[in-house]
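By letter and in written order, the chains are A, B, C and D; residue numbering begins at 1 in each of them.
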Amino acid sequence: MTKADLMAFMPLIILAGGSVVVLLAGAVRPGGWLYELALAFVAAALVWTIALPATAAMPGLAVTPFSRFFAVFLDGTGLVALLLASGYNKRRGIVGEEYPATLLFALAGMGAACAASDLLMLFLGLEAFTFAFYILVAVERDSVRGGEAGLKYLLNGTLSAAILAMGIALVYCSRGTLKLAELALQAAPPEPLFLAGVCLVLVGLAFKLSWVPAHLWTPDVYQGAPAPVTALLSTASKGASVAALLLVLPLAAVWRGGHDILWGLALATLVCGNMAALVQSSIKRLLAWSSVAQMGYVALAFVALPAGGARAALFYIVAYAAAGLASFGAVAVLADGTDRDAIEQYRGLGYRNPLAGAALAVALFSLAGIPPAAGFMAKFAVFSAALRAGETALAVVGVLSALVAVFFYLRVVVALYMRPADGMEAAVRPLSISEGVALAIPTAAILFLGLYPSPLLDLLIRISR
Amino acid sequence: MNIYLALILLLPLLGGLCNALLGRLLPRRVGVIVACGVIWGAFACAVLAFVGFTGPVRVELGSWLAAFSFQAPIALYLDQLSLGLTLMITFVCGLIHLYSVGYMQDDPAWARYFALLNIFVFAMLTLVLAENLPLLYLGWEGVGFCSYALIGFWYTEEKNATAGRKAFITTRIGDTAFGIAIVWMYQLSGSVSITHLNSMGALIPAAVVTTLGLLLLAGAAGKSAQLPLSVWLPDAMAGPTPVSAQIHAATMVTAGVYLLARMFPLIGSSETVRAAIALTGGITAFYAATCACCQRDLKRILAYSTISQIGYMVLGVGVGALPGATFHLLTHAFFKALLFLGAGCVITALHHQQDIFRMGGLRTKLAAVYWPFLAGALCLAGFPLTGGFFSKDAILGGVAAQGGALYGGLLLLGLFTALLTSFYTFRMVFVVFHGEQEHSLSPGPLPQIMTLTLVPLALLGLCGGLLNLPAYLGYEGVLDGFLGSIPGFGGVEQASHADEIALQIVAATLSLAGLGLAWSRYTGSRRADALAREATGPSGAGFLLNGWYLDNLYWALVINPFNHLARFLWKRWDEAGIDGTLDGLARLTARLGGLPAAWSTGRVATSLFGLASGVAIILVYLVWVTLS
Amino acid sequence: MIVPLEHILILAGLLFFLGMGGMLAWRANLIMMLVCIEVMLNAVMLVFVGGSARWGTADGQLFAIFIMALTSAEVSLALAMVVYLHRRRKTIDTDRFSEMKG
Amino acid sequence: MMADPHLLTILVFFPLAGCLLVLPVWKRPAAARPLALGVMTGELLLALWLYASWQGLAALKPILPGYLLVEDAPWIGAFGIRYTLGLDGISLLMVMLTAFSFCVALAVSWRAIGEKVGLFLALLLAMETGIMGVFLALDLALFYLFWEVMLIPMFFLIGIWGHGRHIYSTVKFFLFTMFGSLLMLLAIIALHLLHAQQSGVATFGLHQLIATRLPAGTQLWLFGAFFLAFAIKFPLFPLHTWLPDAHTDAPTAGSVILAGLLLKTGSYGLLRFGYPLFPQAAQTLTPLFYTLAIAGIIYASLVAFAQEDMKRLIAYSSIGHMGYVAIGIAAWQPVALSGSIIQMANHGVTTGALFAMVGMLDERAHTREIGAFGGLWGKIPLWSFFFLLFSMASVGLPGLNNFVGEFLVLSGTFTKSPLAAGLAFTGIVLTLVYTVRLVQEVVFQTERKPLPLADLDRREICLLALLALLVILMGVHPAPLLDLIHGPVKILVGGAP
């Protein structure tokens, strides 16, 4: 490992090391500037990644434009999630160093997964961040729901990890290597053992991406976890999983069945997610089901992989992450230290807390795919890819389910702005600076990507080659 | 000439706008003077135009509708026909405006009244002077609107407002046919200029000409209250009486006749159209005359008589006796305006009493009204040597000249109608003015201007025959000569002089017979008897009183179904049908949304099962793919 | 090779589905579910070791060792969760933790 | 003559800039109102200035034939989307209508909107940008973007300041339009891909895409999607049911904009994009189009007759009036098309005015039920006068504006389809039937309920007088507008190469 390699891998090291440092600092000075410290680490990793465009490779890991893109993406979301969490956790009595430390660890894990060049590192990265999320989801010890959510996530997660591991094992068994590049190069007609492995890997990742039928944990976990955790879970972990899937999918590129499976997954996910969201009364569950549906569009992009689906999926996940951060972030702010969760309880909040309300509304419009929000460009990219790939039927289903989605997103907007607030507490907590920044970043990203997506699109074209 | 024509139109328009916009600010006297002044100014211009008239002129004042081949500029066309009508309109309307000054002296809404009256004149003149059909249509609809607004002038009473609405809608049904005819002619010739269209006759297939003619006839029937669209005119009497005189007797209602005459070179080439026009006119004349015999409202009698007289004119157009029809149009304008104005005097004097059975014996008390009124009645009844006698005879002569069973029948019908006309006219005169005064209505004072305006009209009505004396007197009629050069007006088939004299003798006899019949029934000793019998409503009178129950027929056939259909479509189709379906669809979607949501039971085993089932499905699929 | 790869795979497959089935069936006892997970992961390790033997590379064995590490971490966390939940509800029946649904 | 194409960008985004200015002071109506007024007036002046100089601009012959100004810049290279704005006579007419309608909307809500005034104005301004964009975009993706953007402010406008079942109505409105436009989005993308396949050029530019050769079946599908989106906006029977609800429950300004502009985007889209892109498919679907339009005219007129709420009645009348625009486009013939375009402007003015007037009445009486009024001529003569005038314009009385459009439409249509034109003529009677019923029951007869009504104030008189002047001017002297659209219509009908 040369010095150059070290420099290239430094962001990962900063995050992992930062995690340890925060843990130790918490032990030394409990209640100190832990969040700020963690923020500094994430920011450092972010700046490093952007400032040093290096590529490097070592066994199992490789820093490529692709991984650097994801590093920026993940660190960005991590930054926002940390900003959100600092205030939220104080209000909810979540104290201690474990939160920022675990979060840093999760980021490191996700970064590793995106930079993986063999299946072992991929697996370790994925499981590392999932493991971190087991903790984060249940981090609120006083919350009944937090515990329940933790349990559900844990059991589902371990089962899917087993399935994923089995898939990797079968692939290894049939090909004798774990290196992604070698696996993708082999032109041998895929034998059943290999395909079974790929299929199991797909199911394992489907869990992380909340694809039907591996989606059932999503609403419960999103609802039970603290909102900033949900914000991170629904964005960064999805992003890392998309990256993982993009790394893995070339393995089955020649197999038509992979397409068919994804087709079925996309269809089921689109329909299930959007339909189930219709009947929700809890805003977090609604957003959870909507995130299931959003992953359906990502699946649609994967179906259209040969026709530019990769960059569509990447753009989609970025746009979705911005919206997810803004929406869960706004929920974290608007919940205001209470258990406010029913959509009904959001009546009139758009006026009582205009900035958070606006962020939520913009995010919802983005999720609904209405311009000028980024979600529109994302859907545009996905539908373009789908049509180019000849997936007209699926595109039409996507469009129609988007229509259904508009309805439930609007329900929240309606509650925010159009229903009278029925005499609740008058005092409004002003937005703290960190919350303001945490909401402003994704909201600005949504609008910027919605109006001028060119830079990102060009970048994606370059890295997805 | 341009300036005269422009002024003829602009003066009434400006007067109308002045009163409409500033009417509330101006003192009454100024407003009234403006209103009357502009009309007389227009008349003066018309006279000047007449003096300077050497031949038809076309004047383009500005552009209006101009899109590609569709060119309808604001262009006027002054020929003998439009010039004659313009003179008549400005003159009669001028008198009626003067009359209105007296009639409306106590009404606070005078500004609205005069504004509408002026705008009406503008629209009517536009109609007459228009060079192209869209512009004619502008006038046509404009007079319709003014008629609507003036019928419902006293809007607080629902009856009046409803009458206005009825008039507007009924005439618009005809207008629609007219509109279709216009666009059709545009499609055929690429032009909407009247002169151009009239020169196209030969190039258009006969069947098309027939259809066009029937459409125009329908348009004319609406405006001129011919069957089957006649129902609005009797109700239109709800408006102020000068309005009835101006709009519903002298000018607007004859617009249909004008239209048919104007377009005759085009549509007259179709035998069917001519027969249809003649039939419509003849039957309407008869129909309205029968109805007039039993009316007891003074203005309704006049309204039915108007319908009947216009029926004659239409009949005249149908047989190609265009000069005769125009002649009758002019004399009718004079004497019918006179009768309405006279009736207005009577009604005003009797404090808005319109029931003739509650009048009587007014001959002496309203002598200044009686004599002009009598003059008008003589004209209407076709009393020998009055204007109405000659003009009606010109039409009947035209019918007689046609020959054949159809026209023979129409001639007989026309003659019988003449008898009826004479009868109901004098019934009216005798019941109102003769006998003893019923009840305790004592006539109040009348503004002098109201009675004075009757005189010129009476003179014109009585002497109107001089305009166009019959050919057998040795020289060509003034009007015939004047109009003869217009396409379609010349070369009218003339009955031989002997026939014509015979016809006139018959007509005169019938007129006198009607007079005698009315005299014997409504004067002297039998008067009380007749009045009592009619007041209780003899059998069959209800049929005639209600205009053959045409209104009821329309209610049953059109209006009620329309109301129900409208409500049905709204409630059952729009709200229950379309919206109901969509709302149902939304509910169904929400229901279906419950399914995937119900899958999420909250038990962790369910989600584990989901994951496992994913594995199972995917592996089964794999096996299936591998095996097949 | 002493044991054919097919046999290893069949055994691993049996173990894997046994574990999976057990996990679904034993939902009344969280600890048993964790045990079943272990069974599944053991099946995975078996495949890795078998693969490693087939290709003569150490990658599979390495992976198996990592899985062991991962498993121990997971189990420790899971047992902490068991304690935590038991303290709250006095039960480790997972079906009882179904407050959030729909 | 300065012919800076950036004028178009200014035209589109000046209101948005105004919106951003208003937002910070959204809690201070006294500051927000004049600001919004200034921006909207400025926009109107800009539009009028463009109109005043259109002949000069036309002489300059910009890149695209028939266009006065064209602005083109790369935007999203990866998708082949460009920022292409173009102004021709038709757009200019619509731009003027837009700028004007927004001034009207502002004027009618000057006092009527008392809550969250700044927000209201900001939304109005944002919407103005969206609508301007729709009328100027020449890149299909850009067009779609504006097409959707303009919905959002309207959604809030109805939802926040509406009355009655306003939430139901606004959601219905939004979903209806989204339904159509989402399918159109797919069609736009598909067209783009087909063009790219044929020519190797990835573009959404209208004038490039027109050249795409499409098999009949594909063309039909794509046109169907476009048609659906536009037909919903139009709205054509039976896709119209969002409109009465939206109109009835919207604040007055919302109704003015809805009737004046949003419906026009449907017709505009059809004639700017739908027909030129898919001429054969349009030809095939013409009978359907005629049928729906005529059914709409007759049906809406009948239903309007049965209404009890004034706004609802006028809303249904809108459907009927737009039916004429529809048949004019269906005929695709120069005279009819000119009529349609003029009718779009006319309807915007007339119906906008009627909605504004009902709004004024509602402000005073707090009811819009026809049965509550009566004899208003005696009580508020000025209001009644204007109401009668606009009603008469709406029934197509010659000399007033609607007649021009309707008559040209019918004349042109008759040359193509006598049957359609003939049937459409019946609408003229039906329109009169419900309009005079409305006028009679509200303006005439006697007062039915004692309502505290004051006649128009100075602001309202000025506004209505201006509208009335337009109604008459456009009715008597439509030539300048007809000249303006003559060239573009000729190009449209000349057929795409």
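The working rule: contacts are C-beta pairs under 8 Å (C-beta built on N, C-alpha and C of every residue); 3 or more make two chains touch, one makes a residue touch a chain.
Values in this document were obtained by computation on a predicted structure and should not be read as measured data.
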Exercise. Which neighbours does chain A have in common with chain B?
Worked result: C, D
Problem set entry | Between the pairs B-C and A-C, the one where more C-beta pairs touch | A-C
Exercise. What is the distance, in whole Å, between the centres of chain B and chain C, each centre taken as the mean of its C-alpha atoms?
Worked result: 96
Problem set entry | Rounded Å distance, chain C centre to chain D centre (Cα mean) | 65
Problem set entry | Where chain A and chain C are represented by their mean Cα positions, the distance between them in whole Å | 26
Seminar exercise, completed: dist(centroid_CA(chain A), centroid_CA(chain D)) in Å evaluates to 42
Exercise. Going by the touch rule set out above, which residues of chain B reach two or more other chains?
Worked result: 597, 600, 602, 604, 608, 612, 615
Exercise. Do you know which chain D residues sit against two or more other chains?
Worked result: none
Problem set entry | Shared interface positions of chain A, touching two or more other chains | 151-152, 155, 159, 219-220, 279-280, 407
Exercise. Tell me, which pairs of chains are in touch?
Worked result: A-B, A-C, A-D, B-C, B-D
For this session: Show which residues of chain C lie in contact with chain A when the two form their complex.
Result: 5, 9, 12, 16, 19-20, 23, 30, 33-34, 37, 40-41, 43-44, 47-48, 50-51, 54-55, 57, 59-60, 62-63, 66-67, 70, 73-74, 77-78, 81, 84-85, 88, 94, 97-102
Exercise. Can you list the chain A residues touching chain D in their complex?
Worked result: 311, 351, 365, 370-372, 376-377, 380-381, 383-384, 387-388, 392, 395-396, 399-400, 402-403, 406-407, 410, 413-414, 417-419, 452-454, 457-458, 460-461
For this session: Could you please specify the touching residues of chain A with respect to chain B in the complex?
Result: 151-152, 155-156, 159-160, 163, 192, 195-196, 199-200, 202-203, 206-207, 212-217, 219-220, 257, 260-261, 271-273, 275-280, 289, 404, 407
Exercise. Which positions of chain C touch chain B when the two form their complex?
Worked result: 20, 23-24, 27, 94-95, 97-102
For this session: Can you check the complex and tell me which residues of chain B touch chain C?
Result: 597-598, 600-605, 608-609, 612, 615
